[in-house]
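You will see chain A twice below: alongside chain B first, and alongside chain C after that.
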Partner chain A sequence: MRLTLQMLISHGRVARKMGLGPESRLNMLRNILTGLVKHERIETTLGRADEVRFYAEKLIDYAKKGDTDTKAMKMANFWLTVLLYHRFFLLVSLSYSDPVPSTLFCFCLPDFYEYSWFFGSSSYFLFSLWFQEKDLIPKLFKVLAPRFEAQPKGYTRMARIPNRENLDKAAMAVLEYKGNPFPPLQPAKRENELTLINQLLKGYREEQAQQAAAMVESQ
Partner chain B sequence: IDTIRGGGKLNKKRFASSPAVVRPSSGGVHGQRSAVFSREQARQRALYPRTEKIEVVLHGPGLHGTLLIMNKGVSTPHSCARHLTEWHVKSSALALVDGEPWPLHKPLIQSCSLSLLSFKDKDPSLVNQAYWRSCAALLGQVLEDAFKDEYSVELLGIPELPVTSGAFCCDFVLDPQLDSWNPSEESMCSLIRGAQQLIHQDLPWESLEVTPSVALEVFSHSRCKQEEVEEKAAKSNNGTVVLYRCGDHVLLSGGPLVARTGLCSQYEVTAIHRLGEGAWGLHRRAQGLSLPFQLEAHHTVWRKLRSRATKLVSEDFYWLHFKFLKGQCVESCIQILTPLFSCLSSPTKKRLGYY
Partner chain C sequence: MSLSGFVCFLRRSLLQLEGRIVQATGLDRQFVPALAVHGPNALPQTQDESEETTEPSFLDHVLWMAAPKKRRTIEINRTRRRSSEFMIKVKNNIEPCVECGHLKQKHILCGFCYEKIRKETARIRGQIRAMEGGPLNTPAQETVVLYDSESPGEADKNKRIVETSRKRPSWFSTH
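Moving on, here comes the complex of A and B:
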């Protein structure tokens, strides 16, 4: 396409870029979402928390359909995994005689095959190691979905916190599912019932209630 | 002046049965009362000729255990607040000295613990009650000043009402010439203006604890007030009576008053009701509504509260509310019982029963 100045200026573009590309962005969001479902309150950068919010609420909407629904189960299976190692070099022997130790991981997705070195009988492969969190899927369907049954939307809460102490001074935020067992982020401010104006209003309300009751009785 | 009094009842009550001719002008009366008050105040101050120091421990948010060295018999909680910040001076309405409510301009006489109360504390019920009393006292003062010198105004007293009743009130009796007088819109507005002027002057309410004889001397021209003095002296623990002065008006009150008139911001006299013939003439009840400067109401809210305050408030129904106020349990039981007993012995001004 034509290399115009408008391509470089991003005014009005709402889609965020994260990580190395769109796939990397989804992987990162998947990690963060798994952490959110596991811990119910997490702390990340502002942009990532804002991005994850949409997916977190959509996941709850799918979970509300129930675990018998195939689409919901597929979604839960896809999103509730954690990427442990991204594109690491794994020494794999060409003979395939000794099996790959499966005790460490449930399954291993090869990202792309690349014969980087040819070293005698073995080769290096680029793999991504995924860890499927088996116990988060029942938690999603059995704990989180019933919690938000009554609410149509708004299952998450985001609050900004002071910037990170590192050199980057990144803007940080806390993202949580409502109804979590932790103490509240921002305690609700209650107005004092005993101030003069509140006492006057209380008397006023009581009198109105009395009058309403008297009206009902007389009719 | 040939005053046509309301029949035999009144003559029985009054000791000085001569009509209003002998009575001096209201300005003179107030001046005389104020002079006696000042004399007594100077006498009480002269009891501490040498400056002695007392230790005052402050309690409050951010102030726990602050020690102030103040002067005995001279320093007031107001002066303690002046040692802190301007906010403390402006916002404190009442003080708690060793747990008992203390007017802000009353001198401290011994080492004690002090906490300054404002309208926005966690539990401002004491301050609210004191504010209600002070507004009623202000109303009485306005009424005394409002009428011309030839018409007499007798303040009967301030009934103790809780804040939830919606209005504070002041009972008074006008000159019999004004028996047929009913307040018009303009007269209500002029009363409100009088009150606003007093508020604008920001006069402090000075308190003084005196023996009943001095109090009787102060109110020598008013039999009704003297009866009230005797009642209060009988009720109090040590037989003394507390007088309050604002400007040049001296008055009695059922409890501590707030620091100064400038604390009120929204103030309106809402209604003057007739209570019917009583011991001193045609009893009337003036009602008003007020809010302090920290708790101002939006005009929509104010209008609703004001319309409620125009209705007559009666005290009998609200006696029970006082049971739950801090430290007033026993006092409230006495207050509940004494009207019942007194109505058997002699008709008091409270037991009117017209409403």
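Moving on, here comes the complex of A and C:
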């Protein structure tokens, strides 16, 4: 590739780079989004939470279209999947075609061959194992979509948490769908009646009430 | 003044005037070349020019490069190294949390309060996991968490109920 000046300068470029490449980024976001739909509240790094937010809200928009919509179904099928093994090396013979008959992978869909390499006499197959979470698709259409029917947008809430305790001290965020059953992140603000100003105001209101009552009695 | 002297003066001034007129009119000019040179010497030679227009070497620039004139004294060095630019930056966005009083940054949730919420969420999730039994058993229903001596209300009809015998924490209010 030509080493241009444009390559070195990234002024104004807003798209984030995550993982090993664009495909890796989408896989990572897919995993996070599946976790969010399953648990309704997750903790990740700040950048990943910010990226997933867009996809989480778009997924709800598609889910609102309904069960019968083909596009919505395709979106749900694509996004509610978890990548189990990426680029899993498997030494197989050339005539091997059936999936691995192990109980561990009985509910997996190992039907995605990315590409196969041939090293001399033996052959290695590179493939990624996706695991589709079949129970989350009805949850998306029957629980999350009706929950946000009245709202046009803003289905998620993101708040920053103190940095991770690890050596990397990564900036973390908690991302949740609104209306989840868990305790709220920011408890409702309650006015403290015992502050000076509030006590003075209370006394003033009581005085006014007394005066009004006295006026009514005299009349 | 004598008459002969006057005549001499007149003669001189008239000659001078004549000379000035001749100069002004250009009649004194001779049409002859100012400089005559042998042919080949007058024409420019390309080889010499190319040698002259090569860039001056790096060593010629050395004489014009910036260099410190004097040694920076330790006092000056200390002043620079200990200035605010090199110190740890002061944060003025720290405030006490309203709920618990621990210090927190303005744009970040309080660590203590969030830890409480996280533990409670983890407990609720543990119970949900026990209720579900295995993976891929998420029901297509909303969930409601009920604490000790709480009964499901009108809005909790079609929801999955997660019951605990613990007391409801003060910061988890019912809406």
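Observations
The criterion applied here is as follows: the second predicted complex is superposed on the first by the 161 of 219 C-alpha atoms of A that agree within 3 Å, B and C clash if a C-alpha of one lies under 4 Å from a C-alpha of the other, contacts with A are read in each partner's own complex, and residues count from 1 in each chain.
Just so it is clear, a residue touches a chain if its C-beta (ideal position, glycine included) is under 8 Å from a C-beta of that chain, and two chains touch if they have at least 3 such contacts.
All figures in this text were calculated on a predicted structure; none of them were measured in a lab.
By the touch criterion defined above, A:Gly203 lies against chain B but remains apart from chain C after alignment on the C-alpha atoms of chain A.
In the superposition on chain A, A:Phe182 makes contact with chain C only, not with chain B. Once the two complexes are overlaid on the shared chain, A:Lys139 sits against chain C while remaining clear of chain B.
Look at A:His39: by the touch rule set out above, it reaches chain C but stays clear of chain B.
Applying the stated contact rule after C-alpha superposition, one finds that A:Gln151 touches neither chain B nor chain C. Contact with neither chain B nor chain C is seen for A:Gln211 once the two complexes are overlaid on the shared chain. Of the two partners chain B and chain C, more chain A residues are in touch with C. By the touch criterion defined above, A:Thr195 lies against chain B but remains apart from chain C after alignment on the C-alpha atoms of chain A.
Counting contacts as defined above, no chain A residue meets chain B in one complex and chain C in the other. Interface of chain A with chain B (complex): residues 192, 194-197, 199-204, 206-207.
Chain B contributes residues 119-120, 122-125, 128, 131, 163-166, 289, 291-292, 295, 297, 301, 304-305, 308 to its touches with chain A in the complex. Across the complex, chain C meets chain A through its residues 98-99, 107-109, 111, 113-114, 117-118, 120-121, 124-125, 136-145, 162, 169, 171-173.
Within the complex, the chain A residues that touch chain C are 38-39, 41, 43, 107, 133-136, 138-139, 141-143, 147, 159-162, 174, 181-189.
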